[in-house]
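So, here's a batch of structures to check.
Shared between the two complexes below is chain A, which has chain B as its partner in the first and chain C in the second.
After this line comes the complex of A and B, so read on.
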């Protein structure tokens, strides 16, 4: 038990370190948090803290928060934030909320890592699973990832979605399907896209049920859990309805994501495409883009059926690239789960290239944005070009991880091929 | 096709390919520098041309002259009487004069503190409302009471008053004209422009009581010289190496040079014969100024706000009088008045090498990019190298089973890289860099020189201490040294490539000065080489370069640091960030590598 104590002591030290770092940035560099809150890489129309404050102001003055056409986030965030003292006069309350969300995410991540699900799931056990990082390291990688820190400092509300998704996975891994579904419903309520994670999450829950209270029939299990999600979502929507007094919030929050009416630049691939689009093609391409985004769910869930956690990881990576309003916070969520696959890192082929491309894009992005918006000597193509590079880096990472996971499975099936180079025939 | 691919794959594993990168890097640096030197040739540079047709420079007759000469003399008399008085008294007098002309006048106070010194004053400005405009656009005419050399700008201020009176009589202005007189050349205009765009810190700078429309351009007059002049010197460098639109410079060149028949000089090249050496010198001076990123005149503060601006400075001994200078300003203002939209046609990134010759970004950027790429090439090469088993004990037969040797595709699996220590070292180097940055920007003036001396003395010792600490505590292997170098060069290459898009010259200067870092490696067996490399690195360290350049231009190091701190606090110059947070950490990491003693035994254990 001594080991456990040492570990929990280390975990506490890690959490304290993360809190101190965040508070230090908030208080020693007050300009930085406002700067980051305004950056398009961090704050998208559906997660921006500035827009949240706008909505909060309207809400507190008994005006519908969606009236200004600025606020596109879930209605229940408003009563949550109005519990806290006014941000302008007493910012510590809000900071605490964001920091706690980060810490809870790290805690969930630690649970996922320590469960060993990544290395050996119910249907597949990797021969390399011995080489893995402990939950402590995985949590540290998440907490001290500059992208996570920037998201927390920029007070993007996607922090809460991240927290909910990680809790859903953690609960699923620890054999609590009901809690997992509730957490997923919260994530879906906040940003909609996590609903696409339902199929692999169901698989994960099904695989990791407690034998004592397991539902053997897959169909029955799926229906029960889908009903849970639907029930929780219905309850949340009903609460939102009572709070705002109309169903308007549905079109202003989820409708915006579905129809992409706000074309503020972000790190994703949608905005530029839809700026250029003729109106007559708009609905068609919206359907195509959404279809493209959702088609990965089925394919990956079937192909990597034996490792549902890998499907979840890869899907989060794909969402960070192809969803309508991505930001670096989605990337930070993906990068938080990647270290779980430490055991397949030796099988990945382009780690250095991926890391360099992502690093280059991280630095060139803001500088091109500056040239476009402030210096006036560049144009929108500069920034879009760099978001292409950024997404190229991320998609390389997703592909490489997929390759490594599949190769790991394949080497179990075909032990004679271990260590051989693959060749295209 | 498959055969070609197989060939490429085989080539990838060829050990000779890893011998190549250092030469490739050297080639990149060499080509980058030679590229730069080729630019002044006729084949690589272009003649300037007016891109924005609406400007029509020199196409209008200018009427400033005649009786305005008497007005000028009267104002000159008033200005002479004000010399030596306080800022407030001067502004009161100027205010009453301009009010008498029927313009709206307002004042603005500002107080900046930097390096323990207080820079404060009061700007006075007047707005001439356009008879044909709707106050949505404005052009600015600036005269600082004191120019950059702290000479009183007697003729400039008198000329601005005369022009205000003269411009008021015309009914053809379609943009408002703002006349601005600032007590000094840097802080005053900066405070005014910041406040004009509501981007000021209201604790230090007052808001403007009176405003006009969006600024379309600005001309500053720096005319401290007495008597007649020969040519006009155009100063165009903005803060952080940003430049005004080339069309503005071309218009002034065409009006002053073409219409008025004066000479035009750039970059303090008082004589220019349009031959290669003079062109190169002009270009290099421009690059140096751009690289330093300091404000060079009252116009500099306007450029970051996307307001194209230049300072005109008469010089030499000729037959042009104040009226001719006034006509140049009149002609330029008539051109700017024609603009239908913001200057956007011509170039924002260029290097001028003569008043009518330039190279644009597409032609010169490759040189900085090549220098930046050399670091990246080396970083990639070292990454690949660190993944290969050490060749010393690597026999051609892989230690796999006998059956596998038959398959030619049996790959040499990459060695696991231990990346935590290298990442830690590079992160440490990067984070230590905050100390000099903070120190030199926040120390008070009297402490700057002592701090710098201490820092310069500690600077060669720091890598020694760090390297000793590393070797005794962690005993890094060759692979880890390779990775430290790889990460540090990767960061350096990345920062410089990003910087090259913002400030080409700074990226190139830092890139060339840091280029020895590409070739540094540990010398476990040769003390002579280790010492030689350390000495080389210390001669190109940021501190010694700073000392050497201060000595070359006969500047006091305290003054240099004070000016840098002033530019940092007032103008938002970011060159110190580049020096301390990009160059210095890379230098530190490079020096640690040179002093490193890789632990061979540990490395071999791993491979076996």
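After this line comes the complex of A and C, so read on.
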């Protein structure tokens, strides 16, 4: 009991520290928050706060925000933000909302870490599970990650998607499939791609059901939960329809992610590829890119069936690289889940390379962007090249983590191989 | 006396209007300050609607008439413009700004159609046909450059019965360079085809060398209270010529410094001496001849023109002396600042506008300045000054700032400000702000009404109309932010780094009180917006690099997921490299054996 108290005290201190840090940045460096809000690495066309403000302005003046090329975010964000006082005159309300979203994400992350799911799932128990970080540390790594802070200060709406995804996982881990599905539906409603997390999340929920009210049949369980997701999504869409008065929002919010009509630069691989793509091949490559993005879901879910949380982590890493409008907020979500796998870190092979490549790209990216857009002494290839490096670094990290997780599984069968050189055939 | 005169004029006008098919042309010359000369050519003809419908075109250009009929156009306004009207020194615009457009080509028309789609279809027909007729890229006015203004434009003609089905469409091409190939078809629309009359003065070299020029075509139905409705076509050309520049000889066009005895110096300056010279205000000292300014003489008058309308008028005070060629009758008008010339049909017309002779000794500078003022008609102050510019730097985002100044000390001015912006400028309406100069806080009451139609990527441009009110003697700063989007590489023009032209903002000042007719129209200059550009030389490289990055990630992942783990010393002798080297060594061994065998045989 005493330990728990100390822990909760520490957690409170951590949360207060995170809040103070964020408020300090908001108030002591007001220029920084506007600067970050305008950065292409943080604000993509589908998450930008400035576009949200524009949508809100149009919504409040009875112009459909979806009858234009600026606002591509979910309709229900509009009434949510209308509740808050005008950002220009009273920004604290909006700041609070973003800080609270971050804190809720940290709380969910702490629950996931403390459940020990990463080390021992229902079907698999890692021999190294003892070597793990507590929820407090994992939450601290998330809250004080510069990427997370930058996303929060830049007021990107992907903060809410992150929060919903982490809650979906936390609920799944604590054996509440229904809440998990509702949270996932919210995440999918906000930015569509989390729908691809449904299969591994279903597996996680299935594995962690409460024995008292468990549905034994896997098929029945899956259908029930898919129906829940479909129902919640339908309800959300219906609400959006009533709010905006037309189905226009579907093509504007989700259609743009499928067709990539807005080619604003970001840290991903899509924008420059589709700027330079020949018109006749555009739709073909859009299909290929989406197919590529979704093909990992099946492969990983089957191969790492025994650790659904690992699948979720790896998928989030892959989405941070290959989704149409990625930003560093997606990377921060992936990096928030990676510390759960503290026990397999010793099995990773290229941690130094990965860390240096990510740092290299983080520092060089903004300067190359500056050279291209402002100084004019570089061209688009500068920024493109650095996004390639960034994505290669991240994909190396994802592959390496996959390797470590699989080797950890394999060493259960071959305990004598610990620490020995291996190869793959 | 004045009333009588205007009454006379009115009756004359009504007579002109009621005549079944008439035509007149007139050139008005007005010296402007700073060695500029405004020349306004006006060609106007009427045709009854019944004659028009039975294809009895008479003076109405047949080619244009058929296009109008085919596209069900009720009213048409087409503008070709170049240069900038310098309102600070030239004052109010000719025709109250009603006959000018922004830089490039502007077209607006009222089409009769049942539905919006039908109107769009007819608009497409109209723009394509006009494009062929005027040798201009009007066919590039597509959906992204077409808007349907709500407040800015009102029909100029009378549309007694069919206003419900009329659709106003407005298209603008700011990038179009207006040149001689547009003038030739324009002259062909005239009944005298530019062979005689004032149109002989229209020379492409001079017209497109002007500081500012605007060619306008207006077609509108006019229904007098008594009598039949007529369709009126009015072709106007306004240009501001730089006299100094025009007088430069053709064979020696390079500007060289004048010899010192030809310099016009302001002798009132204290530092004026033999070796120093402050250039004098030229306006009072204009001296030119018609053939110098236009490059040729005027040949007779068009025999079809209405003899009641004098072909050439000059707006200078009566005190100024003007010499004309023989056979020309000078008639001074009652207003004291204008005179007209009656020209015999066959004679050439030449006019010499000499420097005013210095009376009462030349040393009195104050007196000289007074004479200078009296020798040109003082420019009228416009109702509003407007200038628009970009703010910010970089190719990511920027802002637009329009400075609007109301010069009147006691009346406020109400107007409609209209922008039609290309879709790749994503404007943020929540950043629109208007504040009076000097006050830091934005003043909400300046903007009374906003009509905003947001842009849709690759489909439609932004349309922004604002009704504003500016208090007397105030300067208002109107600002908003926008973001520049990056395009697909095929959507850039060949000169992508030059930038993209942004059409002029149209400011329509409303009449006070009565029905909402425009009292004065002005346009800002067009802007050049530079967008971020990709590297055009490397589509293949980008496709290859990105595909490689994806293949690396996918390949690495696939490898790890699909292959089995074994200890380094277990499993088959794996590896493509090892297999290959094994095979290679086998082959080499065999070869060596053969070699040794051969050597043994030897």
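In the analysis below, the second predicted complex is superposed on the first by the 422 of 425 C-alpha atoms of A that agree within 3 Å, B and C clash if a C-alpha of one lies under 4 Å from a C-alpha of the other, contacts with A are read in each partner's own complex, and residues count from 1 in each chain.
The rule is short, and it goes like this: a residue touches a chain if its C-beta (ideal position, glycine included) is under 8 Å from a C-beta of that chain, and two chains touch if they have at least 3 such contacts.
As the structure is a computational prediction, the values presented were derived from the model and not from experiment.
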Ask   = After superposition on the shared chain, which partner residues are touched by A:19: those of chain B (first), chain C (second), both, or neither?
value = neither
Message = Which chain, chain B or chain C, ends up touching more residues of chain A in the combined arrangement?
response = C
Message = Quick check for you: in the superposed arrangement, does A:421 touch first (chain B), second (chain C), both or neither?
response = both
Inquiry  = Quick check on the superposed pair: does A:258 touch chain B, chain C, both, or neither? Answer first, second, both or neither.
reply    = neither
Task = Please work out whether A:367 is in contact with chain B alone, chain C alone, both, or neither, and reply first, second, both or neither.
result = first
Partner chain(s) touched by A:239 [first = chain B, second = chain C, both, neither] = neither
Ask   = Should A:226 be classified as contacting the first partner (chain B), the second (chain C), both, or neither?
value = neither
Message = So in the superposed three-chain picture, is A:359 touching just chain B, just chain C, both, or none of them (first/second/both/neither)?
response = first
Inquiry  = Going by the contact rule set out at the top, does A:346 touch chain B (first), chain C (second), both, or neither?
reply    = first
Key: Common interface positions of chain A, toward chain B and toward chain C   = 374, 420-421, 423-425
Note = In their shared complex, chain B is touched by residues of chain A numbered 346, 352, 356, 359-360, 363-364, 367-368, 370-371, 374-377, 419-421, 423-425
Request  = Flag every residue of chain A that touches chain C in the complex, lowest number first.
outcome  = 38, 40, 50, 53-54, 56-58, 61, 63, 67-70, 261-265, 269, 271-279, 292, 296, 299-300, 303, 318, 321-322, 372-374, 379-381, 384, 388, 391-392, 395-396, 398-399, 402-403, 406-407, 410, 414, 417, 420-425
Note = In the complex, chain B touches chain A at residues 2, 5-6, 9, 242, 304, 306, 342, 344, 348-349, 376, 379-380, 383, 400, 404, 407, 409-411, 413-414, 416, 490-491, 494-495, 497-499, 501-502
Request  = Please name which positions on chain C make contact with chain A in the complex.
outcome  = 393-397, 423, 426, 428-430, 450, 452-458, 483, 485-490, 532-535, 538-539, 542-543, 545-546, 549-550, 552-554, 556-561, 563-568, 571-572, 574
